[in-house]
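Attaching a single structure in structure tokens format; questions to follow.
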Amino acid sequence: MTPLSSCLLLSSLLFSVGFAGVLMRRNAILILIGIELMLNAANLNFIAFWRYGSAPEALTGVMFVIFSIGVAAAEAAVGLALIISIYRHRKTTQIDRMNSMRG
Amino acid sequence: MNLTPSISSLTVVPLVGALAVLALGSNRKLARGVALAFAFLALLVTLLLWHHFNSASGTLQFEEVHAWIPALGVQYHVGADGLSLLMLLLSTLIVPMSMAASWHIQEKPSLYFALILLLEAGLIGTFTALNFFHWFLFWELSLIPAFFLIRLWGGSQRATAATQFFLYTMVGSVTLLLSFLALFLYTGIFDFITLGELARSGHLLQSLAATSHGTAATADRFALLLCLGALLGFAVKVPIVPFHTWLPATYAEAPTGITMLLTGTMSKMGLYGLIRILLPIFYLQMRSMRTPLLWLAVATVVLSAYAALVQKDLKRIFAYSSINHLGYCLLGIFSILKFTGDDPALLSEKAAALSGVFLQMFNHGLTAATLFWFVALLEKRSGGLRGLNDFGGLRKVAPVFCGLMGIALFSSLGLPGLNGFIGEFLIFKGVFPLAGWAASLSTLGLLLTAIFLLGIMQRVFAGPLNPSFAHMPDLTTAERLSLFPALALMVTLGIYPQLVLGVINSTVLHLVQQIR
Amino acid sequence: MLFTIFAALTVAGAVAAISLRNLVHSVLSLILAFAGLAAVYLLLGAQFIGFAQILVYVGAVAILIVFTILLTRNDGTFGHSSQASWNLGALIVIAVFGTLAWAIHSSTALHHAPPPQPEATMQQIGTALMVRFALPLEVIGLLLTAALIGAATIALHEKQERP
Amino acid sequence: MTWIVRNLWLIPALPALAAGLSALAKRHQRRFSASLAIGAMGLSFLLSLCAFSQVMLAIAHGQASRQVVNFPWFQFGDQWLKLGWMLDPLTAIMLVMVTFVGLLIFIYSTGYMAHDDNFTRFFCFLSLFAAAMLGVVIANSLLLLFMCWELVGLTSYLLIGFWYHKPSAAAAAKKAFITTRIGDLAFLVGMLWLFSQAGTLLFYDQGAGCLEHSALTAMVAHLTSIGMAASTGIALLIFAGAVGKSGQVPLHVWLPDAMEGPTPVSALIHAATMVAAGVFLVARVYPLMAAHSDTASVITATTALQVVTWIGAITAVFAALIAVAQNDIKRILAYSTVSQLGYMMMGLGVGGVAVGMFHLITHAFFKSLLFMGAGSVIHGCQEEQDIRRMGGLSKLMPITFATYAVGMLALCGFPLFFSGFWSKDAILHAAMGWSISRVPFYLGSLGALLTAFYMTRQVYYVFFGTSRLASHNEVAPATHAPHSTSATPHESPSNMTVPLVLLATCAILLGAIGTPAWPWFDSFLSGESPVFAFAGFLEHGILPVMLTSTLIVFLGLALGWWFYGRKPILSADRPDALEQLHPGIFHVLQNKFYVDELYEHTVIRWNSALATFSDWLDRWVWNGVVMSVSNLVLGLSWLARSTDTYLVNTSFDEGCHTVTTSGKLLARLQSGRTQSYLRMVGIAFAALVLVLIWSARS
């Protein structure tokens, strides 16, 4: 097994775990945690492809991850703020109660 | 400073006006004021065009050509010769008159006036376009506002009338469109001027024969079919008997201001089409049908005059009278189809007939519109009554009204000294040597016109005063002033027709040279 | 070998984070997973990213989550989804992982020798950020500012609009 | 070219201007309007005298007596249509006659119309008429002549219908216009034919005019398909116009009805000038009428002139017969006018321009005199027009009586002292020598007899005996104005009698210019200097004709006296003396030979039948075709609608139902729960990856 494929395997494991959290837990905070995990899995992919890719000196993967971290930070901040706001109104963080958009 | 305006700018003026009137909303006074201002602006631009027109040249002037849809041979091609210019002047003249006649309209005035301006744009476009595609666009554009104006503001039978009007003209338009599409398929050309040149050089028939893999005979038959299709479109619009039954109903039911437009300008669209489009392109086919066409023209003149004799509604009488007057134009147009070769005397007769047709188109527009205007004034005073026997002795209470309407009636009757005479004289002068029997038969129409027009004067103006109109007001100063230009023009043209003939003469010669 | 240890650490932290009932424990496990991942980054030669990972995720995001947990403490309803939906979720997750793993496994593009360790010094990264990626940097700065303001606005205690 | 020729247009233009100005005048500006009209007419009269003396001078100096001014009017094709005016003896004499008679009638009208509400309008119309009539006279273009001719018809229409509130006046006006228009249309066709043959409508244009030699030769040579020379056809068509305007048989029916107009109008238009315009037209185009090929061996009267003669002769007798049995004072004069116009036509046909025109001029004076006298009588008798209800007026209205008697004797052709004698004699003499037939002469003589008879009858009824006006008023006071019971007939004011006296003078003196001894009129028209010679009386056949006609006149007068003068007429309600003699014939005559009824039952009825037919055609045939087509379309559309309703719609409804159901199912997916969406994303993601890999493999 090459290092790249093991990295990718780790990444996919991480992604699946995060996805499982998103799908199988009802608490909004835990879902957010799951999302963070999925993002990290993606970041790992970028770094792995940068490391074993064809033109590492261009630093593209690194840069992508830097911006991705920035976006993830922003996302976490806004997401958590939303959770707090919703909690104030509904007194709950249970995601399956938030279904007012039902078709 | 170069003040030469362009035809495009003339077309745009009423369009902008229509939008402006709509945008200004429902304020009645503002709407009609703005509409009238734009109508006058269009008139002014037309007068400028008239001023800059080189009357020594019979070819098209103020030409503008822009590529539009090159793949379909569609160009924006406009231009004006004497005929177009005359029709433009007529349209821009009738529109303010029509607005003045509908000055006190109550229902949705801004929409009403905007539609009139839209109609004017359609007319201007029709009279200047030289490419079938956008000519047809404008031709139909003028139909839609007319339909709505009749449908929304008409009399009690307006729905039927509007539908009849629309269907009739649509059927005509469809056959016209089919003919020209076929022509386009076989030649790839939409441009009237080019098509006319092709027809004169004989290439049109050749390409019809070549593309349809037929012999010369089938090409001839096919060309005749195309000609008939196009002719039907114009025949309905003019109208030619027996395609005229929509007209009396429509004229009677339309609001009178719109009837002025219908008779003054829209009926000229048909004649204009005949002269501008059908004559140069299909003259060979038309020539082969010359005798039946002349019979139709005579029937138009005589039957419509007879039908007018028994009508009881003033608007219906004038409607039939309109058909009758346009019949003389048809007579002139069809008679010049005669093959004359290069005989200068007969060419001169053709020129006389065609000059007469042009003049008659203008005169009829002016006179008929004015007559309907008088009916509108009468309706306003009588609360909608306009039957021949509803009045009586009006001269006693409204002498000025009767006097001025009398002038218009006598102009319509063709009294020398007023505009109607010169046109009719020139037509008869030209037609007589070309088709003597048709001219002689048609003089019957002149007699019948006199009978029913004098009948109107006898029943409405003379006799004992109908007591229910004992307090009918005479024309107000404003009405007299607004009527004055039309009547003054009638007298002026009657005494000095060179005013118009000088401008159209070269165009007439050019056309006559084309159709030998 | 080192990679395997850190990878196992990371996965274990992640699994714990999403499966523990106590949210605070979950966050602590999450920190473990983040740290493990940072170590993997270091192993892969991306020092800057590794440290950024620790600073941002462990230092900022995890703390933020803790604060949120504290603010929404008295919720009381923890736990998993209903049994059916749990089963369905598990099935889907397994399917996703299966396809991903199968794809990685079956891919032929991955079987080539690892290239030499690339250079990724701080100076190089700084130059790239300031020169080639100057505009994205500006944009991400703007985004962070907007997110800051937005988060503050959303989370602020609303005034009673109607008495 | 002299000043007067260049400015000849002023003669019609001045009255036209006056008409225009008084059209703008207010209703109460009576004096302004009248003085404007009379002033303009007076100026025109002076100018006409100038023109007349100019022609006289030219003749005396042996210069060309015809001068023309042509000008371009408008262009068509590559040529210009030209109009023009001319001054020749014919024009000059007509100008003087029209302006003089017109002036007198204008003055007379100020008295006759003094109490009318529309006084200003009346003078406006009269001036317009004068302008148009003078235009007819000076025109050097058939087109200009035709235009003025039509305008004359218009003013005639307006003036006949002047009292528009009377339905009979309105109907008469319409009848007049339309009947003359029938003739005018033939005239128009003739004019068009002439135009196409000659290429011009100018009468004289330095050799290129349509009445000049080259054009005439061409037209004579040009034969139509029925073998008639073009010139004949044209001349006959133009003559049809003259028939309409001059009230010749068969288009005479409008002229008696035209008496509905005010009496000055009848005098001016329907006696002196307009109706004479037809005669003038024939005289004007006489070269065309008389055009014959130079090669013809025996020069006989042309077909056109024969037609003119016969129509004239028949009209002369026909109208005179009707006049015998009429009771309306103006209608008698109207039929007399028709009859005299027939004489003029006959004179033109048999004797040429001078003969016809001489009678035209003398007739203009004495007939307008008679009409104005009749007007004076009517005015004096409170608008009574029935001669049976008059009587005894000779004492009450002496001036009117005296002048009327002069006019009556002139009309009858009383020998030697009255102008009518000389002019009628000239016609009879010419008819006597006509090469075709002697019948016109006999017809003319019969007409003269009848004329003398009916005029005597009229004078006896009106002026002699005792007044029957009062007795009538006692019988039926309600039908006539009540105020007239106290008033007796009275003499008219001086502005009415002075013109009468002047005209009477002319009616006597004018005979002097056309006696056989001094045929000034004849030579003036042909542009020669007159010669005075008593030998003229001794020419072949003149004295016998004079004697014959003298006898005839005396016979007529005597017959009149026998029937009406012997015993005074006592009662208005007693039958007429002739009626007692033979009621059947009298009734036929009284009903004008039933010509109106004939037209009513033929032409007019056919016309209205055609109109109804045309309307029927419109409503049922043309519209029927359209309606059946549209019904067909409606049927098709009904079919289409049924198909739609029962086939398409049903299946469509089913489809809709399915869609709704499936939509409901699908809506369940839209649970609003994030996690369920994410599940979907997960499945889709897995599927997508599988598909991508699988497609990359294959």
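By written order: A, B, C and D. Residues from 1 in each chain.
Everything that follows uses one rule, which is that a residue touches a chain if its C-beta (ideal position, glycine included) is under 8 Å from a C-beta of that chain, and two chains touch if they have at least 3 such contacts.
Owing to the predicted nature of the structure, the values given are computational and were not obtained by experimental measurement.
Peer 1: Contact counts by the stated rule: is the higher one at C-D or A-C?
Peer 2: When the contacts at C-D and A-C are counted, A-C has more.
Peer 1: In whole angstrom, how far does the Cα centroid of chain C sit from the Cα centroid of chain D?
Peer 2: 114
Peer 1: So how far apart, in whole Å, are chain A and chain B when each is placed at the average of its C-alpha atoms?
Peer 2: So the centroids are 77 Å from each other.
Peer 1: Centroid from C-alpha atoms only, then distance chain A to chain C, rounded to Å. What do you get?
Peer 2: Spacing between the chain centres: roughly 5 Å.
Peer 1: With centres defined as the mean C-alpha position, give me the chain A-chain D separation in Å.
Peer 2: Centres of chain A and chain D (C-alpha means) sit 110 Å apart.
Peer 1: Residues of chain C that contact two or more other chains, please.
Peer 2: Each of 81, 85, 88-89, 92-93, 96, 100 in chain C touches at least two other chains.
Peer 1: Give the residues of chain A that touch two or more other chains, as numbers and ranges in rising order.
Peer 2: In chain A, the residues touching two or more other chains are 19, 23, 26, 96.
Peer 1: Testing understanding: with touching defined as stated, what is the shape of the graph linking the protein chains, line, ring, star, complete or other?
Peer 2: Basically it's none of the tidy shapes, so other.
Peer 1: Within their complex, state which residues of chain D touch chain A.
Peer 2: Result: residues 667, 669-675, 678-679, 682 of chain D touch chain A.
Peer 1: Along chain A, where are the residues that touch chain C in the complex?
Peer 2: 2-10, 12-21, 23-27, 29-30, 32-34, 36-37, 40, 43-44, 47-48, 50-52, 56-57, 59, 62-63, 65-67, 69-78, 80-85, 87-88, 91-94, 96
Peer 1: Within the complex, which stretch of chain C touches chain A?
Peer 2: Residues 3, 7, 10-11, 14-15, 17-18, 23, 26-27, 30, 33-34, 37, 40-41, 44-46, 48-49, 52-53, 56-57, 60-61, 64-65, 67-69, 71-72, 75, 77-81, 85-86, 88-90, 92-94, 96-97, 100-101, 104-105, 107, 110-112, 114-115, 118-120, 124-125, 128-129, 133, 136, 140, 143-144, 146-148, 150-152, 154-155, 157-158 of chain C touch chain A in their complex.
Peer 1: Chain D touches which residues of chain C in the complex?
Peer 2: Residues 81, 85, 88-89, 92-93, 95-96, 98-100, 102-103, 106 of chain C touch chain D in their complex.
Peer 1: Chain B touches which residues of chain D in the complex?
Peer 2: 23, 73-79, 121, 143, 146-148, 150-151, 154, 157, 161, 164-165, 167, 169-171, 173-174, 177-178, 181-182, 185, 188-189, 192-193, 195-196, 199, 607-608, 610-615, 617-618, 621-623, 625-626, 630
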